[in-house]
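Remarks on the structure that follows.
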Amino acid sequence: MLLFDIVLPGLVLGGMYALIALGLTLQYGVARVMNLSYGESLVAAAFGALSLYTGLGLSPLAALLLAVPFAFLLNWLLYRFLLERLMRRGKDRSAQEIDSILVTFGVLFVIQGIMLVAFGGQYYSYSYLSIAVVVLGSTLAVNRLVALLFAAGIGIAVYIALTRTRMGTAARAIAVDANAARLVGIDVSSLSALVFACGGGLVAVGGVLISMFLTFNASMGVVFTMKALVVVIMGGVGNVMGALVAGLILGIVETAVARLVDPGLTLAATYALFLAVLLIRPTGLFGRAPS
Amino acid sequence: MFSANRRTLLRITSLTAMATALGTFTSAADAQEKIRIGYAISKTGPYAGGASITTLPNYELWVKDVNAAGGIKLGDKRLSVEVVEYDDRSSSEEAVKAIERLANQDKVDFIFAPWGTGLNLAVGPTLNRLGYPHLAVTSVTDKAPELAKRWSNATFWLGTSAQISEALAELLGKLKGEGKIGGNIAMVSVADQFGIELAVAGREAFKKAGFTLAYDKTYPLGSQDLQPLLNDAIAAKPDTFIAFSYPPDTIALTEQAQLLKFNPKIFYVGVGTAFPLFKGKFAANSDGVMGIGGWNADSPALKDYLARHKAATGKEPDRWASPITYASLQVLQQAIETVGKVDRAAVAAEIRSGTFDTIIGKVKLKDGLLQEVWSAGQWQNGEFYGLAPTSLPGARAPIMPKPQWQ
Amino acid sequence: MGRTMILGWCVGLALAAAAIAYPLYANGYYLALGISILYFTILATAWAMFSGPTRYISLATVAFFGLGAYTAAVLGETMPWPVVLLAAAVLGALVAAITGLSTLRLSGIYFVIFSFGLAELIRQLVIWYEVNVHKSVGRYLFSALTQDVLYWQLLGLMTLVFVAGWLLGRSRYGLALRAIGADETAAGHSGIDATRVKLGVFMLSSVFMSVTGAVMAPRWTYIDPSIAFNPMISFQVVIMALLGGAGSLFGPVLGVVPLVLLFEVLTATLPNHFSILLGAIFVLIVMMLPKGVIGLVETWWCAARTDGAAPVRNESGPLLVVDGVGKSFSGLRAVDQVSFEVARGEIVGIIGPNGSGKTTLLNMLSGALLPSSGTIRFGDVMINGLRPYRIARLGLARTFQLVRVMSDLTVAENVAAALLFGAAPPVSGNTTETSRRLLDAVGLGAMRDTPAGELTYIDQKRLELARALALEPRLVLLDEWLAGLNPSELETGIALIAKLRDGGMTIIMVEHVMDAIRALCSHCIVMNGGSVIARGVPDEVLSDPKVVAAYLGDDDA
């Protein structure tokens, strides 16, 4: 049925969008770092998975076990040695955001440069789990479906962690007002570092999984950063479920426009939707105004 | 005071930068002991993908081959080639600036072209004004004849988009005449200049050849999911599926077509089919897929070139613009040797008028355009053979219908 | 002083001559470098004109630049060049107006992302139009204009942008911009129509960007959406402007020159490692700036005001009539059917326990909140529903419970903002005179040039009062103005308020300091749970058992 044929592939596409945005939700929404090098980290993870797969025959799902802790560590180091200083010296939230934008802009070039030296500028692609499965009459790719399931699973897990655990609540307190959080005894800098590192781990998951079905090259980072930003902002900054829902909505809208209107307008429609959400509900679908 | 610190910092930085710049940018001009060749290529940015497959490896291979043979013959001396290389960062502005740098600061003898239509057009006027021969290989545009007339120093080597579509239409028309395919075509094209030109020319050519376009849509550059498109194309029940696509979408379309078990009699995807990446990813499933490009794989010259390319760069060339890029440089070398000195105007004129021996055979340009350009090829038994224009030497018959996906 | 000025002028003229004659002695490469520096300078300065003072980091630079480039590509071969540039300017202004009107309500990071999304949306729309209507995506623009002419056009444009920026800075709109950037709420309550000011400057900055795009287009011969709307340009412009200092007119150029040269040196010497080195240098620069990248804003001179009509004053009857005013927040009734009148020249006190709705009431009087019911008449104008800046201009001023001074502006500038945008032209002397008078009146005369953020708490309160008084108000709302003062400061404060009343000022005070209420107020009203529970002379009211119970809590509750 056409409806299923739009909604199901739309959810799968949206799952990919949500997956790539989850890390940024934590890094920007909670740790308050506008990480412009986010997309580059994603592509780096994709390259990592590619190297492990073509070099050692290691399945991407197994590669996750290596990639995630590695990314976690790298991001933690990045925060501790670079970003923490900026957060400390910024006198208000806007100064911190601007500083973090600029510094991560520099990090973007560094990561991209390393990938270019290591892999060159050409396109890379490999296939894993490129099998068809029929769900409710629509044909879906297993690898893309896996991405969707991971997105949903991780999203829910992070949501539970943020809302039901002490550490998660402390993290959310930092997101709302770091100074006040300090006053109630929360160690803002180490918790922020932890959250940022977790965001980095999520980026690695995203990168490894999408490498199973997308063609990528070292220069594609910016595209992913922008996509992730759109999802995060649309969903409400700092809101994990919001990012999940926003990603899914974007996927469905894109697929619907492609089937029902004109494939040429898909990207225009996503940006128009995003801008409309911002205008009507500036804090995003589920967000609330920062204090 | 903090602001004084920052101002001072910036002033020091700019002065240092300026000093270094002035120091770096002047270089002594050698008495002609070497031939200096310069180029700015897209090592970063969105064009890096194409440039690193088609253009850069061939530039490097040619320099290696020429120097290994002792250099370019100027009169009774052989001069080796020295290279000055920059990254244009896929930016028109940078490309133009780089040409000025190469001409004015590095004072190179010849300049190689950048990758892609946009950049070649950006540097065209400057190269024309400075008088350097402009071998615009990776620039496919319907405006090529006009440009060749406007810039007498420029030559175009991949034909026009219209030629590609028309040759494809001719091939399809022949197959239809033989009763091997029906009249329904599903066509998708990427919303970029090349895709649009191919689609516009295609619409006319297919109609003239007696086909109906049962599905005809464009999609934005950078789309990451083409399954909706494919589903609608399948619904139109075509015998022929044509996608004027770019490498990431070419691969995505092929992969998703396999997923959907879409097996039209003819499956033609655009740029990227001829890349070794395609064969590498799809292996046996690539057999039977048609795409832009092709070459006469049985030719000994090309077999030798394939081996040398692989040995020197570690990867295979693509089967479309790579051999032509290399051939154009052979033409340049022979033109320089014919003229006997570094006289750019004379070399440019010689390129236009002379006849040359290259790996793709005998080359003689007509009004600045290469005539023998493959438009459509097909993977057959692991090699991408040229199919159309059917009049070119080495044109093979297509394997029909495309074998089912495994 | 004179000699330095003359020397300065000579150097300046020599530089200008060198700049103008540049194409005549620079080779093609240096000319290309000069062009790069010029066009980034124009973009960065235009960007900083809006984004610097307002702190709205816009990533939409390339949207306007690309529109200009496309205008040139579409019209360039059929229309005379000046017409093309004019068309680009008009298109830029139009699109800026449309987007500005819809988006200038957003703030902070949302505006950043929105501006980026805007550029992408425009790009996608252009692509769609080109593909489906024009049936060709790239446009060819062959031009006989040489690099020299291009350079001179850019030089002229750069001069224009500096002149425009300088004029803007000197005018009251420049001050308004900075006030908005410092504290938009306070600026609004000082009489500044923030939206209009922001929109105007946004449009001005966009016009420069689109004309630059049109001028650069012929250089590239082939324009397609990804060439014209390249997001890297937006980012580079932001980085250059922020690094050089977006708060001042010549700041951005200080960021442009080193970065363009840096890019060049890296590209020329280490093309393969360009990215890594560039990134590392970037990171280093940002880390080394001691106070972060947002720089200090320099002092601008305020110009005298030019216009402003005095409102008609009805001298008879009560000055303020509040009738049945209420405010609900989704079911919570914060203020419920409050009515009272304030006669000219009296001080009325509003007291009540915390959470009784006093500040909400004040917010409705000053226009910060819209009343859910009831009317408020000030003089003979109905002010419920009017925006804060309008009410301020009508002569109703206020201070804030949490002191809101515009901390990056100096004391004098804080007052000047209100003077330039408030109600009537100064009765005596010009702006500087009047602000001096006001500051002396509140005891801040010696601190004119101190940034407001560096004042002590009591001095910030005095500044707030001076700013409120600068509006030459007929009615001043004091929201717990005496809170947090020690006994001697309290004495001074009470004396100050009394002096104002003696000078004919009408005052409403929300207070907890009962001594002050007793000393100053002719009558007061008591609020609890949103409604008025008592009214009358302070001594009566303060011994009313109902009032006592409200403050201390019921024994039975």
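When the chains are written out, they are named A, B and C in that same order, and each has its own residue count from 1.
One rule holds in what follows: a contact is a pair of C-beta atoms (placed from the backbone, for glycine too) under 8 Å apart; a residue touches a chain by one contact, two chains touch by 3 or more.
It should be emphasised that the depicted structure is a prediction, and the values quoted were computed from it without experimental measurement.
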Could you name the chain whose CA centroid falls nearest to the centroid of all protein CA atoms? A
I want to compare two interfaces, B-C and A-B. Which one has more contacting C-beta pairs? B-C
Could you put a whole-Å number on the gap between the CA centroids of subunit A and subunit C? 34
Interchain centroid distance [CA atoms averaged], subunit B/subunit C, Å: 51
Taking each chain's centre as the mean of its CA atoms, how far is subunit A from subunit B in angstrom? 35
Residues within subunit A bordering two or more other chains: 112, 116, 262, 264, 267-268
Check: subunit B positions touching at least 2 other chains come out as 43-44, 46, 191, 218, 220
Residue numbers of subunit C (touch at least two other chains): 124, 127-128, 131-132, 243, 272, 274-275, 285, 290-291
Using the touch definition from the top, list the residues of subunit B that touch subunit A in their complex. 42-46, 48-49, 51-53, 90, 188, 191, 217-220, 222-225, 227-229, 231-232, 247-248, 251-252, 255-256, 258-261, 272, 275, 277, 281
Sort out for me which residues of subunit C touch subunit B in the complex. 27-33, 36, 124, 127-128, 130-132, 135-138, 140, 142, 216, 219-222, 224, 226-227, 230, 232, 243-245, 254-255, 257-258, 261-262, 264-265, 267-269, 271-272, 274-275, 285, 288-291, 295-296
List the residues on subunit A that touch subunit C in their complex, please. 34, 82, 85-86, 89-91, 93-95, 97-99, 101-103, 105-114, 116-117, 222, 226, 229-230, 233, 237, 262, 264-265, 267-268, 271-272, 274-275, 278-279, 282-283, 290
For subunit C, which residues count as touching subunit A in their complex? 55, 57, 102-103, 105-106, 108-110, 113-114, 116-118, 120-121, 124-125, 127-128, 131-132, 231, 235, 239, 242-243, 272-287, 290-294
Touching subunit B in the complex, subunit A uses residues 5-6, 9, 13, 16, 112, 116, 120-127, 130-132, 139, 141, 213-219, 223, 254-255, 258-259, 262-264, 266-268
